[in-house]
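Structure first, then comments.
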Amino acid sequence: MSILLILLASAVRQATPLLLAALGGLYSERSGVINIALEGLMLAGAFTAASVTHYSGSPWLGLAAGIAAGVLVALVHGVACIRFKADQVVSGTAINILFLGVPALLSGALFQSTGATPQVPQEQLLPIAPIVLAFLLVPVTWYVLNRTPFGLRLRAVGENPEAADTAGVNVARVRLAAVLLSGALAAIGGAYLSIGQSSLFARNMTAGRGFIALAALIFGKWRPVQTMLACLLFGFAEALAIQMEGVSQVPVQFIQIVPYVLTIIVLAGFIGHSRAPRALGVPYQEKR
Amino acid sequence: MSFLRQLLFPLAAVAAAFAVGALVVLAVGDSPLNTYALLIGSALSWPDGIGYTLFYATPLIFTGLAVAVAFRCGLLNIGAEGQLYIAAFATAWVGIVLAGWPAWLLVPLCILTALLTGGFWAAVPGVLKARFGAHEVITTIMMNFIAVALASYFTQYHYKPPGDPILQTVPIGENAHVARIGALVPGIPERIPLNLAFPLALAACLLVYLFLWRTRWGYQIRATGANPAAALYGGIATGKQIVLAMSLSGALAGLVAVNEVLGYRYRYYDSFSAGYGFTGIAVALLGRNHPVGVILASLLFGALLRGGLFVDIFTEHVSKDLVMVLQGVIILFVAAEALFRGRGEKRVKSV
Amino acid sequence: MLELREITKRFAGVPANDRVNLTVAPGTIHALVGENGAGKSTAMRIAYGFYGADSGEILVEGRVHRFTSPHDAIRLGIGMVHQHFMLVEPMTVAENIVLGLEPGSPFALDLKSAEARIRALSDELGLAIDPTRRIEDLSVGQQQRVELLKALYREARLLILDEPTAVLSPQATAELFTILRRMRAQGKTIVIVTHKLSEVLDISDEVTVMRDGRVVGHRRTAETNAAELAHLMVGRDVLLRVVKPAAQPKAPVLGVRGLAVTFKGGEKRLDGVSFEVRAGEIVGIAGIEGNGQTELVEALAGLTEGGAVSGTIELDGRSVAGLSVRQRRALGISHVPEDRHRRGLLLDFDLQENAILGADDRPPVAVGPGRFWLRRDEIRRKTEKILAAFDVRPPDPERPARALSGGNQQKLILGRELDLQPKLLLVAQPTRGVDIGGIEFIHRRLVELRDAGCALLLVSSELEEVTALADRLLVMRRGRIVAEVDPETTSMEEIGLLMTGGSAAA
Amino acid sequence: RDLSQATGDPGKLRVGIVFDSGGKDDRSFNAAAFRGVQQAAKDFPIVLRDAEPGDPASLEPAMRAFAEVGYDLVIGIGFAQTPIVEAVAKDYPKVNFAIVDGVSSLPNVASLIFKEHEGSYLVGMIAAHTSKTGKIGFVGGMDVPLIHKFQVGYEEGARAVNPEIQVIQNYVGVTEAAWNNPGKGKELAVAQIGKGADVLFAAAGNSGLGVFDAVEQLDKLVIGVDSNQNWVKPGHVLTSMVKRVDNAVYQIIGDLVNRRFQGGIHVYGLPDGGIGYAMDQYNEKLISPLVIQDVEAAKAKIIRGEITVTDAMAQ
C-alpha cells in the first residue's frame, strides 16, 4: 500500500465517529436546538455499547443498546430545552459533565475498573458497518432533509417555528424527534469508537470529538455533504498527525491544531459566511 | 432575606443532586451514608481537609468569576480552560526566564503575565464575536485545544528538563514563588499547598463585585448582557463591551496560574488542570453569576473535589466520578429551573 | 360562513378583544378596519385558532367549533395570511405551501405533484408564481401571493388577510384586488383587515369597524362613505383634550434635509424626508405604523441597524449625522423609544440602574478619572427625584423595572429622559398601553417641556394624540412626508384620509 | 468524624497503592503490580486500598491521602510518581514508601527498578529471528527515557541477530494520555505493518492493546510487555517481555509485614527472574528451540557481563 492510501484509509476511519456525531448534530441544529451535548451523547453510546457487547457477546446488541442510551440521554436534553425552555448550551454542558462521570462510575461497579470496560474479543467487534453507515448516511440525510415531509418540517421549525406552527406543524414534536435522532447518531459514533475502532471503552475516550463534530457541522454550514467534507478534513489532519509523528520534523502539536485554527478562520467569515438556522438556540413558546 | 431566597434554589439543586448521587452510590453497591460521611468528613477535617478544600476552591473561584463576568455580558465562556492553560504556561515562562529578578518585582510581573495572557486568549473570541458574530461557544472551545497544544509544544520542545519523564517545564525561580499559608499562619503545616492565591481570589471577588456594580464599565457590560438593544439605545457600544468582558473573563481565568504555578507546583505541568475551566461554568451557574455565590459554590465544589478523592480511594466501588455526576446534575437542575418553578416563561437568549 | 360571538381575549389582563361580535356572509369580501391596536389581528388570530379566546364562541357555517390550534381551523377550510408573513425564507415556494400537509408518502415528499397543483392554482388566478423559487428571492408582493396560494392549496373557503396591502405598492395592491375579486367569483369568502379606507370602499361588500377591542359599527359598503368610517374609527366622542397655550417657537433646533434610510436590496424605508423642529414647539408625525416613523426616529437617534442613512441631520446648525448615540445624547438629544421593553428598559435591573441608562457618564453620578466610578448615593437621589417628579408608583428604587405596570414604566422612561434637560426630545408612542390618568399626566409633561423651550418631535399612531399635542403636524406615508397640516384647523377625518391614502390630497 | 477509622481498620498494617494513569486493568504494567498486591493481601493480614488517579495531576493528592490518614506503606507505580513520592515522603518521614521504576535517596523510600533493556534485548533477538521481512516495529507509549530503554535494548538485540534489520519505531504521544489511546496504538501498528514490519513490540500500556488488535486483524505478530500477555491474542503474541512488578511489590509488602522494610534501591533483572521473556502453551509453537537456545546463550552472557546492553536511561 502506498503511504497516501494508508493515509486516506486512516483519515476515513478517523472521520467516521466525527461524521456520525456531526450528522446527529445536524438534525438537532437544523431543527433549531443547539446540541453541544454531542460529546456526552457519544460517551454514553460508547460505554453502553462496549458494556453490552461484553455481556452479550453481540456487537449488534451492543450497538442497539448504545443507540438506546444515546436516545435516552438526548431525551433529557430535549425535554429540558423544548419542554422547559432551558438554555440549550447550559443543558448540553451539564450532560457533557455528567457523562464524563457516569460511565466511569458504572465501570467501577460493573468491572471493578475506573473508567474502562473489559476488552471485547476481536471477533465481537463491529465490522466496517459504522464506516459504511456513516458515509451512507450523508446522502440519506440529504434525502431526508430535502425529500421527505419530516425533513421539510424539520427545516421549517429550525428557520421559522412560528410559520411552521401556523401551518399546523407541531414544533415541539419535530424538534424532539430531531434531538432524539441526534442522540442515536452520536451514540453510533461513540459505539464505533469503543467497539469498532478499539475494543473497549476507555475513560473520556471521545477526547473532544463531540466538539470537533460540532465544529465540522458549522464548518460544513449545517449541510450534509459539506459537513462530511469537513469531517474528512479533520480526520485527515488527525491521520496526518499520526503518520507524521516521529517521522517528520513538524511537531505533532502543530498538525493537531490545524482543524481548530481552520474552524476559527471559517467562523471569522474568511471562507464564505456560515449561516446558522435562524431559530437556532431560541426556545419556541407556543402562543396558545 | 432576599439573599436567603436567592440561596434557596441553588440549595434545592444541590440537595436534589445529592439525592440522585445517593441512588447512584446504591446502584454501584456502596452505602450512601458511609460515602457521604467520608466525603464530608475528609473535606472538613482539620487542618488537611479544610486546607485542601480551600486550595481546590481557589482555582474554581477564579474560573467561576471568569464565567460569571462573561455571563453578565450575555456570553458563555467555555474557554476558561484554554485561557488558564496558556496563562499558566506564560507565567511559568516569565518565572523561568526572569528567575534572577527580585521577588518584589518578579511576583507582580508573573501575576501580570497571567492576567494579560489569559485576557488576550479570551479577547480573540471576543473580537470574533463582536466583529463577525462568530459564536463564542465554538471559538472558545477551539481556542482551548489550541492553548493546550501550544503549551504542550513549548514545554516538550523548549522548556522540559532534559531526561525528565514528566511533561513539565524546568522550575521557576524561587523569587517567583508565592508563599504558602502554612508559612505565614502557625498551626497549618506547610505541606498543604494552600497559598496566597486564595486571599487573592477573595480579593478578586471583591474587585469584580465593585467593578460590575460600582463602575460605569461594569454597568455597561451588564446592560449589554441584560438587553443589547436597550444598551445601544443608551449609547453603549455593545461590541466593545463584549471584547472587554471576554478579556476580563480570560484575565480572571488566567489567575489560576498564580495558584497552580506560583503557589503549588512552581513550574508549568502538562494537564495540571482538573477541568477547572469547565467546573467554573457549574460554579458560576450555581453561584448565580454573583461573586458571593461564586465563593460559596467554589467552596462546595472544592469540598467535593477533596471529598471525592477520599471516597474514590477508601470506598469499595464508588469512584471520584461521583463528583462529576453531582456537578452535572446540579447544572441540569439549575438549567431547567422551570422544572421547579412551573412552566414560567424564561428570558430568551438569542444566538 | 364565519361568526364570532362575544369573543373576549386579554393579554396580561389587558383586553385586546372585548366581546367582539362579527358575522361574515359567505361569498363576500368583508373588511375589518380600525386604528393600530384596535384588536383586529387578535380577533382574526382567534378565528384561525392561533390564539385561544378567553370566552366566546366561534361558529363556522352555523356550527360551534372549538379550536385548539390552526390545525382545526385549516380543517374547516379557514386560511389566513398574517400581517407578518409566515414563510420560511430559505425554502422554496412549493415547500412553504405544502408544509404541514405534505403530499406523497412519509418517505418521499411528492413535490412534483404539489408544484403542478400550485402552478395550476397560480394560473387560475393569474398569480404568476414559480413554485420552485426560494422565498428570499421573491418580492414582498410575490411573497404575499405565496401566502394566498398556501391558503388556497389547503382548500380554504374562507380567507383571512391581515393588512395585506401595508407592504404593497399601489400597482401591486390593484393586482391583489383583482385576484381577490376573482376568488370571490369562485365562491370564496374573504376577510380583509386594513387601515386604508379607500381600499375598503374599493374592494369590500361589507365592513366592520373596531376600536379599543370592541366592534363599534357594521355597514354595507355601498351604504357608507370614507368620512363616516373615519369617524367610527377614531371615535370623536372620547376625544382627549390637552389644555395648552399657543406655542412660542424660537430658533430651529433640529434640521433634517433629504433624509433617507436604505436597506439591502435598495429598499428605502425613509425617502427624502425634510423638516425642522424649533425650540418651544411640538412637531407631530401622524401615520399608520410601518410608514417610516420608526426608521425616522432611529435615524435621528443614531440607532439605525442594518441600513444606510443618507441626508443631513443638524442640531443647532451642527451636523450630527456621523455621531454615535452617546455623542448625540451629549449634545442634548433625548429619546423616548416606541418599544419600551425592547429598547427603553433593562427589565431585570432595578429602577436605579434604569434611571441612569443613557446617562451613566454624567456627573454627579459618574465620578473619578474617566468618570469611572458610579456613586450609589447619587444614583439613588436621582432615581428618587425622577420617581417623585413623575409619580411613578410604587416609588421603590430597588424594584426591578419588570415589576412596574406599563404606564409606570413609561413615566420612568420619560422622567429619565426629561431629567437630562434635552434640547430635543424624540418621543415615539408615548402613551401606548398607558391608562387614561397616565396619558393625561404624560401629555401635560410634554407640553411643559415645550414651554420650557425644548424642541419635541412626537411620533404616534394614535391620531387623537398627535392632533391634540402637536403644534404642527406632518403626515407620513410610505417613508415620505405627504402633507403638513395645522392640527387646530384640520379635521381628524381629513388627516385620517391623508394617512390612509384615502384621498388624493397631499 | 474519625477519618482514620473510616479509611480502613487501623489495627492492621495498612498498605496503599497508587497506580499511574493507565489504571490497574491495563493488562500489563499496572496489572502486574495489582496482581502482586492482591496476592499480598491474600497472604498477609493487611488492609489494602488502591487509587487510580486517571490523570497525572491527581497522583500527588492520592498519595498524600494515604499518608495523611497514617497508612504504613504507600506504593507508587510508574516513573512519573518519582518526584511525588520524594515530596510526600519528605513530609511524612514515619510512613514507608515504595516507588516502582523510580529512584529516590530518602531513607523511607524503597526504589524498585528493573533492567528492562536486558529483557528487551532478548525479545529483540526473538523478533529478528522470527521476522520474514527484515523489518520489525516498536510502538512506545509516552515518548520518555524509560521507554527509550526498552526501544534501545530491543534494537540492540535485533541487530545482534541480523545487523541489516530495519526497526520502525513510533510513540503514541508525549503526554500521559499516550498510555491510554488504543485507537492510536492501532493506527500506528497498521502503519508500521503497511511499511513491512511483521513483528511489533508494544511497550505502550493500554495503547498497546490497539497494537494487539492490529496484528490480529492483519495476521502479524506482537510482543507483549510487562505482564505475560501471550494469552491475550493466542497465535499472534510471539512472546512477552515480562517485568515482574508483581514479585517486586509482593516482596516489599512482605518485608513490611516481617519488619524488614528497607529503603534504598532494589534492582530486579535477569538473574533473579525480575525480567525475562514469557514462554507458555500459547506461544511454544511460534518460536523454534534453536532460537530459544540462542537467546538463552545471550541471556547467560548478559548475566556474566560478557554482553553489555545500553541502558538508555543511564546516559
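Read from first to last, the chains carry the letters A, B, C and D; within each, the first residue is number 1.
Here is the rule we go by: a residue touches a chain if its C-beta (ideal position, glycine included) is under 8 Å from a C-beta of that chain, and two chains touch if they have at least 3 such contacts.
Not measured: the values here are computed from a predicted model.
Student: By count of C-beta pairs in contact, what is the leading chain pair?
Tutor: A-B
Student: Report, in whole Å, the distance between the mean C-alpha point of chain B and the mean C-alpha point of chain C.
Tutor: It comes to 47 Å between the two C-alpha centres.
Student: Would you mind pulling out the distance in Å between where the CA atoms of chain A average out and where those of chain C do?
Tutor: Each chain's C-alpha centroid was found; their separation is 44 Å.
Student: Measuring from the mean C-alpha position of chain A to the mean C-alpha position of chain D, what distance in angstrom results?
Tutor: 36
Student: Any idea how many Å lie between the Cα centroids of chain C and chain D?
Tutor: Centre-to-centre distance between chain C and chain D: 77 Å.
Student: Where in chain A do residues touch at least two different other chains?
Tutor: Counting only residues that touch two or more other chains, chain A contributes 104, 112, 114-115.
Student: Hunt down the residues of chain B that sit against at least two other chains at once, touch-wise.
Tutor: Touching at least two other chains: 152, 156, 312, 319.
Student: Counting only residues that touch at least 2 other chains, which ones in chain C make the list?
Tutor: Answer for chain C, listing residues that touch two or more other chains: there are none.
Student: Touching pairs of chains, all of them, please.
Tutor: A-B, A-C, A-D, B-C, B-D
Student: Sort out for me which residues of chain D touch chain A in the complex.
Tutor: So the residues of chain D touching chain A come out as 23-25, 27, 52, 54, 143, 169-171, 173-174, 177, 180-184, 186-188, 190-191, 194, 206, 209-210, 213, 216-217, 233.
Student: Going by the contact rule set out above, which residues of chain A touch chain B in the complex?
Tutor: Going by the criterion above, the answer is residues 34, 36, 76, 80, 84-87, 89-91, 93-102, 104-106, 108-109, 112, 114-115, 208, 211, 214-215, 218, 251, 253-254, 256-257, 260-261, 263-264, 267-269, 276, 280-283, 285.
Student: Which of the residues in chain B end up touching chain C in this complex?
Tutor: 214-217, 219-220, 222-223, 226-227, 229-237, 347
Student: For the complex, which residues does chain C have touching chain B?
Tutor: 301, 303, 305, 324-326, 328-329, 335, 337, 342-349, 353, 356-361, 366, 371-374, 376
Student: Spell out the residues on chain B that touch chain A in their complex, using ranges where they run on.
Tutor: Result: residues 24, 27-29, 76, 78, 124, 128, 131-132, 134-135, 137-139, 141-143, 145-146, 149-150, 152-153, 156-157, 275, 278, 281-282, 285, 312, 317-319, 321-325, 327-329, 331-332, 334-339, 343, 345-346, 348-351 of chain B touch chain A.
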